[in-house]
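Dropping the structures in below, format is structure tokens.
Each of the next two complexes has chain A plus one more chain, namely chain B in the first and chain C in the second.
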Partner chain A sequence: MTAAFSMRDLVKKYPDFQLGPLNLVLEPGTVLGYIGPNGSGKTTTMHLLMGLIKADDGTAEICGYAQNPDEPVWKADIGYVGDEQVFYEYWSGEKNLEFLSQFYPTWSNPRAAGLAKRFDVPLKKPVRELSKGNRVKLALIGALAHRPRLLLLDEPTSGLDPVVRSEFLDVLFEYMESGETAIFYSTHILSDISRLADELAFIDNGRLKLRRAKDDLTDRWCKISFQLPGNNIRLPGIATQRHEGRDHQVVSFDREMTLRHLGVLGAENVEEHRMGIEEIAVQILKGGDNVADSQS
Partner chain B sequence: MWPILKAEFRYTRDALILTYTIAVLFLIAAVLIESWGFYNFMWNTTITYFIFMWIVGAAGINEKRYRLYTVLPVQPKEFAVVDTLYVLIVQLGMSVLWVLYLLFKPDEIMPGTLWLIVANNALILIVITMFGVHYHAGFFETKRYTRLNWLLLVTVIAAIIAWSQVGNSRSIIRLMWQYYASAPVAVALVLVWIGATALSCEVFRRRKSYLA
Partner chain C sequence: MLLTLTDLSAEPLQSQIIRQIRASILAGELEAGASLPSIRALATEQRVSVITVQRAYESLEREGLIHSRRGKGFFVSELRNQEKKEMARQRLEENIGPHIMSALSEGMRIQDIRAVVDSVLKHNGAKQGVTK
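Up next is the complex of A and B:
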């Protein structure tokens, strides 16, 4: 089956920042969470995929089409909610949706109306009078009404209150159940991702550090406390380690390997503590290249 | 392309109505007041046109219209053509008012008047197109282009100021009637405008970013 998107050695250079080379493939029906700190290159990646900026090197394919700006048929397969929601500001939401509908052969007015009702967006109001939350909802209606095969969501829930955020995620859940749409979702609100994502990709300083299935990460990463004499114990699969006398606490990115080794060393009172995605993400992003390298 | 052009006209309808109302008021004044003259009337509509374009253009940039279009499955060159057609159609509307003025005051029609209208239209469109080139070239992301770009802007502004200062003097008018209001100059200016439009489309297509 054709990938929702694939990037090969994609590079974007700025005077003080370089993104890539990025190699990333997203399969249909998958939600890939794209996680990184501010300024790590998440939005630049989204802009590259959407054709809002041009890459300095490398290639990308969207739903089987080469990402050629002069033959933009590939854009018809994308639903995009960007870091900024851009509309005709003095037009109503309804008029903006009517404008968008002309460009997508698969656009469904009943579907757009259904989503608007569900989200309770005041479609008759000029867009410039809408709240941030309603603007994001309107953008999502515009992105979903033509049933895209790929949804690009660039920190869509940042700045939204928890109720709106929850509604937003509910709609995405339902949308995922109904077909083979792939979602590429960048965020630093990790609770969103832990609900929605199948896989996670971590980016820092323009470089992709790690990509893993979410369940695999939560299975492998854990905190382990144990007792063992000595303060210079070398354990495999460890991201961080600290001790006080014979009490040790480590964060492991390879639970089984670490536990096996502790067994060999004769550690006592070994206790495992599960880690949430948020904790794991922090460890990966601050853990330097060694964590990423050892995981790949 | 056509839905975008249609949307642009629908979106700016109120501003267009206001602009043409002002231009028609100038027409009425120019027809009723003997000393007003064709030359001054053309300047009135031209300044009205530039103010309108400046306001509409600034609003479009402020609302990040190119960013909106870029997300759509439409070729970038089509947006460039939309821009060209929009400025052309609005200016041709002003030309209709020039022709109306001459119908009311046929005694002001001279042998070169037709070519004067063609040449003026082309010149106005060249200026507005060069502003477009300047804006799009700002997204080339290199220092060399940035310097060239600002040089282009300063040159165009200096040319406008110089023209508005000397254009109404007797000797220049004589010279203008002799050369400017002639078929070769009018055709040459139209060709320059076509070239500027092609340049604008190409510069737009080569932009490194469509974020604004």
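Up next is the complex of A and C:
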């Protein structure tokens, strides 16, 4: 199967910031969460994929097509929702969708109408009168009506209330059911994608730190407490470590390895505590390079 | 097949799926040959990622509880009642083992542990239909 996108050594340089080189491939049927702090390069990556900005080095392919500016067939495979929605503000939602539809050969009006009905978006109103929630919903309708093979979501749910958020996610789960589409979802709100995402990629300061199946992260990371005399205990697979007397507490990114060594050292009262994906993400992003490198 | 998944448990979603499907099979609610929902359908229905369901199914397959037929999906395996009982017994032993060990290390006597097991059975067993 052709990858939904494939970036090779992709680089974008600004005077005070460099993104990349990025090497990232997204397979169809997969949801990849793109996690990083503000200013880490998430939106720049999205803009490179859409061809809104030009890379200084490297290449990206969308569904097997090179990003050729003269032959924009590859753009037809992309759907996009950003954190700001750009519409013709004085036109109705309906007219905005109609305008968008001209650019996509595979656009389906019944599909757009079906989503609008389900989302309960008032299509007759001028867009400038729509609430934040309805604007995002309208953008998602515009992004899905042509059944794109690649859906790019750049912090789409920021500023939405929980009900709209959950409606939004419902539609994404259904969109993924066919197995032929892929989502690249950037966010720093882990709870939004903690169930949806198959894999997570972490980016910090323009560099990709780590990419892993979400279930691997939750399987392998854990907090372990144990008792062992001594201050200077060296254990493999450890992100952080602290102790009070003989009571130790560590965060491990390789549960089995750490536990095995604790067994060899003869640690007592070893207890494991699972970590949520949010806690793990914080550890990875603040954890320096040893965490990333030792897992790649 | 009704699954109840929660984010508020320390148990990962994948293990919750495995445990609940296993229980349905061992208790005979899901019969041999019954087809399971497709991986993608269950992921959509339960609002979990595809990989989570896929790995849960693979794990159940390794346990011998389900099997896949190419292009047709997953089915409950044919298991003799004796085998099901043995699987349930093994699991109980695995689960209860560490608890019994820690009870012993906290100074409980064997007959007291037995009494606790009896009391749990008396209070919770009746509701669940012990006869099964």
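Simple rule for what comes next: the second predicted complex is superposed on the first by the 295 of 296 C-alpha atoms of A that agree within 3 Å, B and C clash if a C-alpha of one lies under 4 Å from a C-alpha of the other, contacts with A are read in each partner's own complex, and residues count from 1 in each chain.
The rule we apply is simple: a residue touches a chain if its C-beta (ideal position, glycine included) is under 8 Å from a C-beta of that chain, and two chains touch if they have at least 3 such contacts.
Note that this is a predicted model, so its numbers are computed, not measured.
Participant: With chain A superposed, do chain B and chain C clash or fit?
Facilitator: fit
Participant: First (chain B), second (chain C), both or neither: which does A:M176 touch?
Facilitator: After superposing on A, A:M176 lies in contact with chain C but is clear of chain B.
Participant: Which partner does A:A112 reach: the first (chain B), the second (chain C), both, or neither?
Facilitator: Neither chain B nor chain C is touched by A:A112.
Participant: Determine, under the contact definition given at the top, whether A:D219 touches first (chain B), second (chain C), both, or neither.
Facilitator: A:D219 sits against chain C, while chain B stays out of touch.
Participant: Is A:V121 touching anything from chain B or chain C once the two structures are fitted on A? First, second, both or neither.
Facilitator: Neither chain B nor chain C is touched by A:V121.
Participant: According to the stated criteria, A:P72 is in contact with first (chain B), second (chain C), both, or neither; which is it?
Facilitator: A:P72 contacts chain B only, not chain C.
Participant: A:K54 in the overlay: touching chain B, chain C, both, or neither? Say first, second, both or neither.
Facilitator: So A:K54 only meets chain B here.
Participant: On the A-aligned overlay, A:V31 touches which partner chain: chain B = first, chain C = second, or both, or neither?
Facilitator: second
Participant: Would you sort A:R195 into first (chain B), second (chain C), both or neither based on which partner it touches?
Facilitator: Touch status of A:R195: second partner only.
Participant: So in the superposed three-chain picture, is A:L235 touching just chain B, just chain C, both, or none of them (first/second/both/neither)?
Facilitator: Neither: A:L235 stays clear of chain B and chain C.
Participant: After overlaying the two complexes, what is the shortest C-alpha distance between chain B and chain C, in Å?
Facilitator: In the combined three-chain model, chain B comes within 28 Å of chain C at the C-alpha level.
Participant: Find the residues of chain A that appear in the contact set with chain B and again in the contact set with chain C.
Facilitator: Overlap of chain B and chain C footprints on chain A: empty.
Participant: What residues on chain C touch chain A, complex-wise?
Facilitator: 7, 10-14, 40-41, 43-44, 47-52, 55
Participant: What residues on chain B touch chain A, complex-wise?
Facilitator: 3, 7, 11, 63-65, 67-68, 70-77, 205, 207-211
Participant: Enumerate the contact residues on chain A facing chain B in the complex.
Facilitator: Spelled out, the residues of chain A in touch with chain B are 47, 50-54, 69-76, 78, 80, 82, 84, 86-91, 99-100, 102-104.
Participant: Under the definition above, what is the set of chain A residues touching chain C in their complex?
Facilitator: Residue positions touching the partner: 29-31, 169-170, 173-174, 176-179, 194-199, 213-215, 218-219, 273-274.
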